[in-house]
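Below, subunit A partners subunit B and then partners subunit C, in two separate complexes.
Up next is the complex of A and B:
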């Protein structure tokens, strides 16, 4: 299965679904005009992925998210959470910039509603 | 008589306005202006958290203005509302002030005022739980997006969000939102 990649634009993040590494990466900024049309293909990939795979690590690094993207990410997290509750092995790594504040707070908002292990990783510690 | 552009430029300077755009916002324009705004604030050595709060407020407000304009296409209000948007960023003692404005139909004011008053009356803890509540309610993507955006703006603001409706005539007003980050 080939990896699925969407290159980033000014208002949409880089997305990579790596089937071999069992990893989904979402990195950049998210404030497109139509957030739902950007995120919908990713929902479909997740549904298809969990038909044949049992584990997935998701690395998020989103420095800025507008409110319509927030709604789309809530849908995404709900979807992941349903799979987690069905026994799939899922880990979320939320990479944030300590100086930004915005991205860390967003992660805290998302974390509250789901049961999936949710790790906060400072990008300054990674550098 | 002084040249109008020169008069305008002097006024912007007096008001400490660093950055301004007036007209119709497109997504492409919002992206370009957003990048320019971030660069401008970086040059001034603003902290990352100030830059991201200013950028967030800028994007939410301009996208709201754009969305409102689009929602009025093919209505009698369009000629007044189209192109009436403005966004200005100025420096003040607390940080940066983001003012945005656009013409609105007087019929839409009551609903907007109700949302604004509710948000302004809340402290940060109340805003946090209200954000959670509304973010889950608003999963329907077609629902009014201004609600959640305003809550998020208020959460990130340094002080209280301020607003004003200047009367244009019996049918329209000019809505101004002022946010300090």
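Up next is the complex of A and C:
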């Protein structure tokens, strides 16, 4: 199965669904005019993925997410949470920049509502 | 207009290709023109030679030969008729003594000379040896005669003729005094074995010589009548007469002429030889029918086809003209038509014109939309509380309300009912026109709630708002409906002593002296279908102290990107900004907040609608 890749634009993040590495990467900024049309294909991929796979690591690094994208991410997290509760092995890595402050808070908000292991990783610590 | 940019890459190689094609085409066309010219010239030359050989030269010789033949045969006929006339024979037999007959005979002679273009006519008797002659211009006595003597060399022809046993004899004589060539046709009277007299005509061949001149084509051509001994007897050039023609032409020609079959007269033969200068000379010859004489004509080829020189010049001029014409044509094509830069400029101008028209159309339609939105802004502003109401209700206050577009989803709302003040600051999802629609809906619902349901409990108002908004947007019944909602902070301020706050995704900053407290919201939002409001929402109660500053900000402020890494402003910076603000009056506080935002944004675009509402109750 080929990897699914969406290159980033000014208002949409880079998305890569790596089937071999069992990894989903979402990186950049997210504030498209129509968030649903951007995230809908990803929902579909996740549903299909968990039919045949049991394991997924998701790396988020989002320096900005607008309100409608937040709503879309909430739906995404609900989906993942449902799979996690069904016994799928899911890990979320939330990369943030200490200089930002926005992304860490955002992660905290998301973490509150789900049961999936949620790791905060500082970008400056990575470097 | 923009400066001309040098043509690069594709267009340059395109130009190269165009010029390569033009170059190759020019060479091909030049070759074609030159070959066509060369072939045309050669073919014409060939056919000219062919024509000269098979028609022109032959025609000259044939017509000259027949002229000479007819002239001589007429003389022969005349002489023959006269010789066979019985009266004449009788008169000569009687030694010309019959005066009656003599008169008639001599008159006849005279008439023949005068009526036909003979030079003279004579009759001579064998017995009497008397020679009677009538000249064309003579007026001598009819009876006079010359007595022929065998010893006189001038009269030797008479005895030769008698001895030759030929019925008719043709002699040529050139008179050096008059420069005339004469042909004499002598005929035996009676029988060859028993002649009674000789009669004959003398004919000046000057006329034929004249015709030679007329027929001659070219300056270097020759036309000769050659006798059986190879001597030139007739020629338009007097000096040549009497000479042997083999002095003029090579032996091979002489051989050919002499070996010609005598059976076929007037059959013209054409051939060619090269002279000492290697010039090709065409010649033609034919036997005359009346005697062994030959008519010979020669002409250098250069003269017979002198036309070809003109043709050569014309062909060269044609070729040059065609080449020049094509060069001009290609120049024009390459300059005016095929020049890709010019083409591109033309296309560019055309497109620019189209773009201008489109731009104008877009401008107009954009203006329409903008006008409409400008009006929408007036409507939206009309639902916001006016400055007077705010200053009456609060001790101090300021609002920064900056929709990203002309209209937006942020709003603030105020109602004063008795001593109860209800304040709401909200941020509906979306911005621009859709956001503004939401604010209008929320505005109406809030108005409805505070007038009919509750005016002093934010939790009730929030629950009511959540429910009514879902109903208003048909979220329960219509699956197609959008999942929109809002963030909101609701305040109920009682008698200016206590403040109740309930937030949905909007925090309340309370600045008391230098300390800033953050009161957290109870819900993530209102109106969204995914939100189930807790039953036990509780209001935060703040007993107001003098100088307390309450600040609410929608997420537009913390979402605004900028700074070194172009990150969002963030909650931390907002908190610091509020805490560090030392401004005493609200106006300078507003200015400080605006400046901080402006500096952070640098030149980045505004990302979301921004609203900050700050107030002091007492």
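Rule of thumb we're sticking to: the second predicted complex is superposed on the first by the 127 of 127 C-alpha atoms of A that agree within 3 Å, B and C clash if a C-alpha of one lies under 4 Å from a C-alpha of the other, contacts with A are read in each partner's own complex, and residues count from 1 in each chain.
Rule of thumb we're sticking to: contacts are C-beta pairs under 8 Å (C-beta built on N, C-alpha and C of every residue); 3 or more make two chains touch, one makes a residue touch a chain.
Remember, it's a predicted structure, so these values are computed and weren't measured experimentally.
Undergrad: Figure out whether A:93 sits in contact with subunit B (first) or subunit C (second), or with both, or with neither.
TA: neither
Undergrad: Using the touch definition from the top, say if A:81 reaches subunit B (first), subunit C (second), both or neither.
TA: In the superposition, A:81 touches no partner, neither subunit B nor subunit C.
Undergrad: In the superposed arrangement, does A:102 touch subunit B (first), subunit C (second), both or neither?
TA: both
Undergrad: Touch check for A:10: first (subunit B), second (subunit C), both, or neither?
TA: first
Undergrad: Residues of subunit A touched: more by subunit B or subunit C?
TA: The larger set of subunit A residues in touch belongs to B.
Undergrad: Considering only the touch criterion stated at the top, classify A:68 as touching first (subunit B), second (subunit C), both, or neither.
TA: It touches subunit B and subunit C both.
Undergrad: Touching A:32, do we find subunit B (first), subunit C (second), both, or neither?
TA: First partner only, subunit B.
Undergrad: Of the residues on subunit A, which ones does subunit B touch that subunit C also touches?
TA: Correct list for subunit A: 31, 63-64, 66-68, 71, 74-75, 97, 99-103, 109.
Undergrad: Using the touch definition from the top, list the residues of subunit A that touch subunit B in their complex.
TA: 10-11, 31-33, 35-36, 63-64, 66-68, 70-72, 74-75, 97, 99-103, 109, 112-113
Undergrad: Spell out the residues on subunit C that touch subunit A in their complex, using ranges where they run on.
TA: Contacts found on subunit C: 427, 429-430, 483, 487, 524, 528, 530, 555, 558-559, 561, 564-573, 607-608.
Undergrad: For the complex, give me every residue of subunit A touching subunit C.
TA: It comes out as residues 29, 31, 63-64, 66-68, 71, 74-75, 78, 97, 99-103, 105, 109.
Undergrad: Once bound in the complex, which stretches of subunit B touch subunit A?
TA: Those residues of subunit B that touch subunit A are 27, 30-32, 34-35, 47-49, 52-53, 55-56, 59-60, 63, 131-132, 135-136, 138-139, 141, 145, 148-149, 152, 156.
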